[in-house]
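Just passing along the structure, written as structure tokens.
Letters A, B and C mark the chains in the order given here, with residues in each chain numbered from 1 onward.
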């Protein structure tokens, strides 16, 4: 087998690379990379850079963030030359609700304990489904909360508050 | 040689005692059952179950703990295949093709492949530990900061191989992973970088948090936004076993994975988690049909799973031969020994031969039990997928939260998972490959640490990387990979020029 | 929202009110529910093992579960913070160490608590032994030869630590000051990798107790113990003073039990006695020995003043060598 000639290699960086399905993805991803890179450069602006001989804590952050920024710009430019503009369709409701469910768990577990946190998390999370079955939901939430409380709180006795403090 | 036979015989007599067999089985079983809960990986499982072993005899305790570890590890691979939930960083790779196989209704085959490849690797490495521990330890000791740096550099370059589609995006993902890895206090100066004054961030973000968010939570969000039709396919079950062609494809990959995993696993300080990545990169690179990778190539499951288990097993070597725990799992094993008043030490084989050889032989028993426990269970796991997704995903979500919390008892880390879930969805929607990001996230901090350590040791002379043979060899390999990646373009450009 | 000072004032008033109450009754009733012992480090390791031994002993004496909870992170300050903010009722305790309470407050200004005011010393549990270990390839068979070698070749040797501002790091600087040497500090992430590189010879020296087993197998050469007396486990190893470097003044490493600030006297006494009894159990004494340590019991007051003295010693060296978490 000729390793130089496989399909992977042919897809490598090149001006003649077949354009991606849409330039929008390149532009948006480039924007994201460039924004994160720029933000990191800003946050780390005072980190000591040092010298090659004696690198400071800011040496690698500056290089990596800079490279990410430049790469983002490159991607954006490539995207602008690509044909087609079809930004990805994103359905926000499940994304927001799942994030919210996780955050609720994180902010209630220490004070309200495993049982209540589980109830809330499953309750909110389950609403992220396409079709919500309101009759089913309370049972799913209660069942999971009871199961986890018994398994982790009592059977395994892990060090985690189980009931409100 | 007869020494080894004698020692192994002693080990067999210890490990095959009824009580030790029982604890080995119990550990593997509980480890599997807890580890298979989606979102609860080996480290969380061990942290949860560690106290169970405090009341046992030292040998029983260690044997059970080893069983828990294997069980949890295998359980993590199971969720990686079924739900794209990596229990730990090394099953991130299994998510790629294992999950793709599951989506094509081949979850049973993927799980059986993982079990068989793991068992094979476990058997080989157990023998290796018995025969060659001292020699392997000596080899590992040759790895100083310079060698580690060069190895990490090679790993990063190879990460581009994981890319599906545009390498430019893969490179971006690598830099983003590196940047995320820099969060936390700088090892050399204690300086806080990108911690935003949160003390929880001083030790950096856990690999489990990143991979669970990017893969697990993000997958739930993607599935829900794709609607019910997105989930229908997985429930179509064809078969649970491997076909002849499957065997033919998986067998050599398993062999290579075992070798790679065993070698990387003996390096203390994170070698074990690189094995599965390395194996995947090799399989994809040498395959005549690399385009199948990411679409459910069985080599992409067999190789990394073998490497994963081989690495897990050979990471016991520095611990057994030197008494130095190489990673957090081994640190827990060492802690369990201390509780029983046994200090992990290089003399363990001579001062506690029963425990030492009993533990080694139990490793093999543990692997055997995994096979015995898991092959029949595959049918059960796969059937679980037939449960309606609207019931399944809230459970996955909750277990993820609990699993992350258990690792460090940190509510903050659970919150971070939400953030990484969000990042994972956005990146997936924008066709950005995630595996290179995770790999760079793991490699980055180690690479920086060792780069700066090597430069400190050489008092600022970069020649240290070229004057040490292993380091030089790794850097040459690095250059070769870069050349391989770039060459086709040169060639094509040249062809284009001559044609014009 | 109450301002911190106002809350502290209220806390003091509450504490004073508690003092006035018949505290004997309260202390006698303690404990009426499970007690948490926070270990500010990850599961596994010396501190965790010690906490579990102590918890078992206390549980047997007091008849309530003593639950060990690991809250690792940020050099132990995350777990310490939980205890600092807990009510001083004896139901939340901390397994502290030299690192968390004698060193950390001297190298960072960012702690979310006051290391003195927000804690009550209860019981010293264990004194750990530290040793000067060198790689066997170093051409020095005793401490004196090594000191001469290090002085003759400034900048040639390196010493390993398990991180910036850890006990190993400080001990190394104490050594440099005492011996007038310039051995370069190399920080590692945790004790595993540092011991590994010492054994492999990538670094030449380390001061700590982490490599004692490795040394007994001949892979590291021990030159002296840095504790004031010899370790019973290695009676032939001299102390620094005996080996000719009396100037070395690093205090030994300890682990002990602390509670939140302002705990009532009676309660502290009760816990002190129970902890001392638990640690003196012959089985525990044996187990502690395996970790190159000895059980040391003191009164709560003596423990408190020990912490104070050590803070000063570490603070002096931190100032002298400009050692701190850079900010």
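As a convention for this text, contacts are C-beta pairs under 8 Å (C-beta built on N, C-alpha and C of every residue); 3 or more make two chains touch, one makes a residue touch a chain.
Quick caveat, the model's predicted, so the values are computed rather than measured.
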Two chains sharing the most contacts, counting C-beta pairs only: A-B
Going by the average position of its CA atoms, which chain sits the greatest distance from chain A? C
Most centrally placed chain, judged by C-alpha centres: B
Report the inter-chain centroid distance for chain B and chain C in whole angstrom, where each centroid is the mean of the CA atoms. 34
If you average the Cα atoms of chain A and of chain C to get two centres, how far apart are those centres in Å? 39
How far is the middle of chain A from the middle of chain B, if each middle is the mean of its Cα atoms, in Å? 20
Sites on chain C at which at least two other chains make contact: 69-70, 326
What are the residue numbers in chain B that touch two or more other chains? 47, 51, 186, 188-189, 191, 409, 456
Mind pulling the residue numbers of chain A that touch at least two other chains? 48, 57, 159
Could you list, by residue number, the parts of chain A that touch chain B in their complex? 1, 3-14, 16-17, 20, 25, 28-29, 32-33, 36-37, 40, 43-44, 47-48, 52-61, 64-65, 67-68, 71-72, 74-75, 78, 88, 90-91, 94-95, 98-103, 105-107, 109-110, 114, 117-118, 121-122, 125-126, 128-131, 133, 136, 140-141, 144, 148, 152, 156-160
Which chain C residues qualify as touching chain B in the complex? 42-46, 48-49, 52-53, 69-75, 77-78, 81, 107-108, 110, 112, 155, 158, 163-165, 184, 186-190, 192-193, 195-197, 199-200, 202-203, 212-214, 216-217, 219, 286-287, 289-292, 324-327
Complex contact set, residues of chain B against chain A: 34, 47-49, 51, 161, 165-169, 171-172, 175-176, 178-179, 182, 186, 188-189, 191, 193-194, 196, 217, 220-221, 224-225, 227-228, 284-286, 288, 290-291, 389-391, 393-395, 397-402, 405-406, 409, 411-415, 417-419, 421-422, 425-427, 429-432, 444, 448, 451-452, 455-456, 460, 462, 484-489, 491-493, 496
Parts of chain B lying in touch with chain C, wherever the complex brings them together: 46-47, 50-51, 54, 141-145, 185-192, 197, 199-200, 202-203, 268-269, 318, 322-326, 328, 330-336, 338-347, 408-410, 449, 453, 456-457, 459
State the interface residues of chain A toward chain C in the complex, per the touch definition above. 48, 57, 159
